[in-house]
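In what follows, structures are represented as structure tokens.
Below are two complexes that have chain A in common, paired first with chain B and then with chain C.
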Partner chain A sequence: MAASNLAVKQALKNNPAPSSVDPQEVHKWLQDFTWDFKEKAGKYPTKYDMDVNTREQFKLTAKEYARMESAKEERQFGTLLDGLDRLDAGNKVHPRWGEFMKLVANFLETGEYGALAGSALLWDTAQSPEQRNGYLAQVIDEVRHVNQCASVSYYYSKHYYDPAGFTNMRQLRAINPLYPGVKRAFGEGFLAGDAVESSINLQLVAEACFTNPLIVALTEWAAANGDEITPTVFLSIETDELRHMANGYQTIVSIMNNPDTMKYLQTDLDNAFWTQHKFLTPFVGAALEYGSRFKVEPWAKSWNRWVYEDWAGIWLGRLQQFGLKSPKCLADAKKDAVWAHHDLALLAFALWPLTGIRLELPDRQDMEWFEANYPGWYEHYGKIYEEWRALGFEDPRSGFSGAVWMLQRGHGIFIDHTSSLPFCPTLGKGALKPSFLEKNGKRFAFSEPHGERMWLQEPERYEFQNFFEQFEGWELSDLVKAAGGVRSDGKTLMAQPHLRSTDMWTLDDLKRINFTVPDPMRILNWQPAH
Partner chain B sequence: MSSNSFVRGMVDPYRQTIIQAAIPEQPLESKRDHIPFAKRGWRRLTEYEAVMLHAQNSVDSVPGSQEVGESVQKWPGGRPNYSIESTAVIAGNWFYFRDPAKRWFMPYVKQKTEEGQTAERTMKSWAESGDAGMMNADWRNQILGTHYGALVYNEYGLFSAHSTTVYSALSDLLKTWISEAGFDKNDAGQMIQMERILLGKLFADFDPSLAAAKQAWMQDPIWQPAREFVQHIWMGVYDWVEQLWAIHGIYDHIFGQFVRREFFQRLAGLHGDTLTPFIQSQALTYHQQASDALQAFCVKMLIDEEPVYGAHNRRYLRAWTKRYLPGTQAALKAFLAIYKTLPLQVEGITCKASVEAAVRRIVNDWARRFAEPIDYRFDAEAFIADVMQGY
Partner chain C sequence: MSKQHWYHTPTRDEWLERIGTLRTAREGIEMLRNFREQHLGPDRKTYDLKKEANWIESRIEMRVSQLHAEETLSDDDLLHKTIDGRCAREVANSWWEKAAQVDSAIELGQLCVAYRKACKPPMMPINYFAPVEKKLVSKLLKLRAENYLVTPIEELRKARNVTPIHVQ
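Moving on to the complex of A and B:
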């Protein structure tokens, strides 16, 4: 017997004169709420064919939804504002972690915001009232999640010993070379395109595949490093995700009625996986391992279990009946899961003044952990960090910059045009196979063939100025100042290459680097060696 | 959970020693103002603003945005999301909007939860304490059985029309308000059906199914102009501000308010129905909140406090008013035929003069809230006279 009937029976039993209506009884009528008319379609129609009869499995009415969610909100804010306040939680967090949270909370906020718009797109395109109702609930959930990610920043800005960056990351991120990568994967990958393609990016990949490694791993690493704020909020976010994953599954179920459109599905899945992986894998890995004093499970291992075994194996296995196979790029992603976050961390250190946060180079203790878990790490990255430290990486009087060091040695930093993330062709150990292509007199860099193929097929979807083109010619300290990256004393930077309260870098120290943003595609005229 | 067990750094004395050693003695920054770069809607930054304002990863072509540059991935064909071409009105700062009710997620669901709990208790006591028995059977079976059900479609259609307005809205606080307004419309439709299900449980002769309601919505002349309006606003209009103005500023403020308040809420009592007015009072609250926010958006932000484009925007809002008023007028005119089908006719309530007074109340309120602020001149008496021909 269906759960809804059981609920009705139970209600009738409790109330011999039936005087209440279970939300499930209302939901039962939802499919009858719509009607047909000539113009009816999605304003943003999909190339797939979404079945008007698709059901939705959580069956929440608006009021029931509100009841569930406000209970969660009360618990969460009760913990935050009552429990954690009393424990002085903001001042129990290791600074390495606290600093990375400035980026993590903000970047995920962007993801939630993209999810909000993407779910609204699906609400338009889907024709089944139950499905629309489910996507609508997700729209409202994502409003919640934006508010929650923001609450982490807001809480930190009130209670943590260095609010700079928490207060203004929504502005400061404009000069962060990593941020366009977030925009591409989340800010646009979730919503700028066919609704089903958006659903695959958002629900089938980002949520079904990456939520677990992201939220579960992130909250463990947070707690290990003294942060109970993030777990309080993020574990509460996680409770909504099951519905979102189910929405993604139902999207696929709803398009199965038309075998003609199935030919698109594998390509959309492959592209979506690569798009999301390309940002999430390195970023989360770098945040966990470089933003922590106390380590938990190596990212490559968590990734392998959640992404490779659970998602690619079990979750996608459920979709095999529809002819879906695991993405061809999975093997390259697996290689990235070992090295890409180390590559990204190197660039973050090299470009630290633009990140807006205080970073600390790995010390001896970290290096041992990295080498033990990523054999070969020390020879490649460890030695670079040791050399940087010796050259004055942390010293405000040194005029040293990792980026300048790299450029002077021919290690160009480029923007991968599809993912919009920076990469270094000569120092990266991830799945790199750089190429440089020309179109309409302009040159584009690609770090690997999957993104390159996406661009080749639809170049008009990636017409934009990248980070270097935008800021070419800007002197570094001017750029940081313009983006609001200076503390209230008017000179000390928000970003720092160490965690101490002494020897903090100022605008003048930054000027000493004498760095003007170049466009490497023009000055280096770099060609692949092979 | 991961295979590793881990130590909680906050409560582990060893780890806290290390952590405290790494924490500076004094805070590194004394300024804790959140989003200091953002314009405040009230004297101090509100929680409502802190948790949403400027969350949108925008593009610098959207005025008021904090971003530099543009969106990275476009739609096939090259169109970007968040493009100002999505509407004809222009704002010097799209991030200027504030919902007067300051509803971010938490207060929003809290309000709805309270309403849900009140509804549950009210329905229970209404069903058990004998109130239900007072209801006129013809009112129940004809009006609630058919026309109240047809109202579900009206609310559902308007709910559906919000999807692309959420998608296209150009800033975060706008998206928040519009998703909440859409969610409220969905809720309003569901609550009508909830009431009808309860009636089905209490009265053997009441059919809670939507078959007759849908037929009325599709075929009964009473609903046809309304249905056409809803269909058009749902599928035929691409400008999202135009949609919002047409829905909350015109159609729902005239036709919707009349149907909910002047018809169902007022006449239910007359027929011994004390439940419908309660359920509709929630929908009236939702409309009130939507129209307050719409005023804050279209009148305050786009005209009164818009330094450059106010006149331009006023022209568009007037043109849209002119475009959507006739359809709304037709919907209301057709709806008035419903009075002929009422089981009870009571002088002073259902008579022509009273209905005309009801129409006048609605029209005057509309004019005050939405026509006058944009200097839209319209002939209220002609409007009322025409509508009354439907009576």
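Moving on to the complex of A and C:
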């Protein structure tokens, strides 16, 4: 044996390399990062004092953590680029599902970006070095998640039979009626306002409550509909969420020593829950049930188990010791869990040219499933879809539009000023209790009192201009073209009201609808006069 | 083609022309002050400009900053004085002192809006504007949160000066 090798062997014997890390060692080491907190106050406003001595469960440095994350990346990209390529996974997805993934992957990417900014904001606000380390690890994760969601779109755009929408969905953000809702919940909710309120939105509600049904249930539906891509990526994302949920718990622990905390915490919890629920409950439900050929568990049931029993019962139960109660709006949310996604789906069908994806009306098989799981569904929604189909919903020569059909029958479509999402007061079955307000000549619509209260309490926070205010007076086909909603031939629409590759709608077909965007707020009462 | 365009509207063009006529920072400050008063914030006088208000404000701000920078020779003045030559630290602190005496959420909300309109850059350098805004807003959040969920809706509507429209 060479002398040098012998020397190395001897050195290792004297100073053995550590085979494990002692958590207490890491804790001590992390607490040594003595940033000057007194001098350098955080940038963001908050009602709370975060305790400088807060601990954190995961005793890992960022470097150790990144090592684990890179192993996950290797497995995931290896599966995608090797295993799934060979199986031609992109073309085994049922198109109904593939189409909805155009929205899901993009919206979640936006959410991950908000989560990245939100956890960085918490890093800036926290006072304990160890707690900061926890948020820092989350920043790393969320960077990863942004990339992962983008890579779902990228993978689909290369392998799926219809890439339009996977390549450029965000182009349509100005006209897609759901995008403002995404921005409200995942943008402002995660990264604006009180830093601790952001943590509650992001970690305590979106991650601890909704990632279970969103990411876990969704992968089940994906697999049932032939999609192996989404589970490969989303389950890898979900493995990080445990840490993020723990960060949320730790945020609460860090503020609990201050007696003032309880004056504010319930308010933030109620608002955060309602903010996240308003978008996630209807959107995820609609994606699962209307974006699938093969059904799994009804959304109302999954919601009940994950949100109502698991989160509101068990998870919030752990916080009861701090005096926290479940949100008052939970009962309304529960009603929404049954109907809000059907309401949203109806509006998505009515406004399909703005969505950027190909939608397919429920057929007989779907209708039976809906009626069996949501008694009363057929009388309310099913009949409308049957009538629309008969009137030429799918036919590019028909000049038919669900939105025009609704307006002509007195079913006005409005945009809720707080959640930024569309609603129809006369056809909705969710927890609706609309109100219309006027101030300085401007009118505001609210679909329910929780949102109205949020606006009245913090008006400067909700300055958003809605679709109708922005585009009143535009002709529909001009608008879709200007927004980028056409395919590479310059005339065929990205969105379609069916899944066939024949009879695709073009700008000319859209013109035939002869629809100019109105401002429904000028009319308010769309019901015919008696 | 529609006569409307994604990025240009007659309203924007009209304002760009007006902004183009500004020759001194002084004129610009006047325009910016009036514009914020009329068209921005929850207490704006009118919603006539709709979505264009924010865009136009940003264009006025850009022009005013440019004129101000051209007229100001010393870095110190740019970093430590308000646009009209007062000590930025003193001005910012005077707002915080005013806020110390307010304990109504509605009043403090109005004060925060007024501070933003009066001091948001380029009226005041960001290094003085932002830390005080953070303190003001933290206090506002505290005052609001306590009764956020329990104040009757009717009372809130009255305080915000909004009228419900009843649709039969």
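Keep in mind that, in the parts below, the second predicted complex is superposed on the first by the 491 of 530 C-alpha atoms of A that agree within 3 Å, B and C clash if a C-alpha of one lies under 4 Å from a C-alpha of the other, contacts with A are read in each partner's own complex, and residues count from 1 in each chain.
We adopt the following convention: a contact is a pair of C-beta atoms (placed from the backbone, for glycine too) under 8 Å apart; a residue touches a chain by one contact, two chains touch by 3 or more.
Being a predicted model, the structure only gives us computed values, none of them experimental.
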Could you tell me if A:Thr267 is touching chain B, chain C, both of them or neither one (first, second, both, neither)? second
Residues of chain A touched by chain B versus by chain C: which partner has the larger set? B
Is A:Asn225 in contact with chain B, with chain C, with both, or with neither (first, second, both, neither)? first
By the touch definition at the top of the document, which applies to A:Gln171: first (chain B), second (chain C), both, or neither? first
Quick one: classify A:Trp474 as touching chain B (first), chain C (second), both or neither. second
For A:Asp194, select first, second, both or neither according to whether it touches chain B, chain C, the two together, or no partner. both
So, A:Asp32: does it touch chain B (first), chain C (second), both, or neither? first
Touching chain B and also chain C: which chain A residues? 41, 43-44, 193-194, 458, 460, 463, 465, 470
Give every residue of chain B touching chain A within the complex, in rising order. 1-4, 6-10, 15-16, 18-19, 22-38, 47, 50-52, 54-57, 66-78, 80-81, 104-106, 108-110, 112-113, 115-117, 119-120, 123-124, 126-128, 152-153, 156, 159-160, 163-164, 166-167, 172, 175-176, 179-180, 182-184, 186-187, 189-191, 193-194, 197-198, 201-202, 208-210, 214, 217-218, 231, 234-236, 238
Listed in rising order, chain A residues that touch chain C in their complex are 41, 43-47, 193-194, 260, 263-264, 266-268, 270-271, 328, 434-444, 449, 452-453, 456-460, 463, 465, 469-470, 473-475, 478-479, 482-483, 524-525, 527
Chain A residues touching chain B - in the complex, by the definition given at the top: 15, 17-21, 25-26, 29-30, 32-35, 37, 39-41, 43-44, 61-67, 69-70, 73, 77, 87, 89, 91-96, 109-110, 112-114, 116-117, 120-121, 123-124, 129, 132-133, 136, 139-140, 143-144, 146-147, 150-151, 153-154, 157-158, 161-164, 167-168, 170-171, 174-175, 179-180, 182-184, 186-189, 191-194, 216-217, 220-221, 223-228, 293-294, 296-297, 302, 305, 420, 458, 460-465, 470-471, 484, 487-488, 494, 499-501, 504
Chain C residues within the chain A interface of the complex: 1-2, 4-6, 41-42, 44-48, 50-51, 109, 112-113, 130-131, 134-135, 137-138, 141-142, 144-146, 148-149, 151, 153, 156-157, 159-165, 167-168
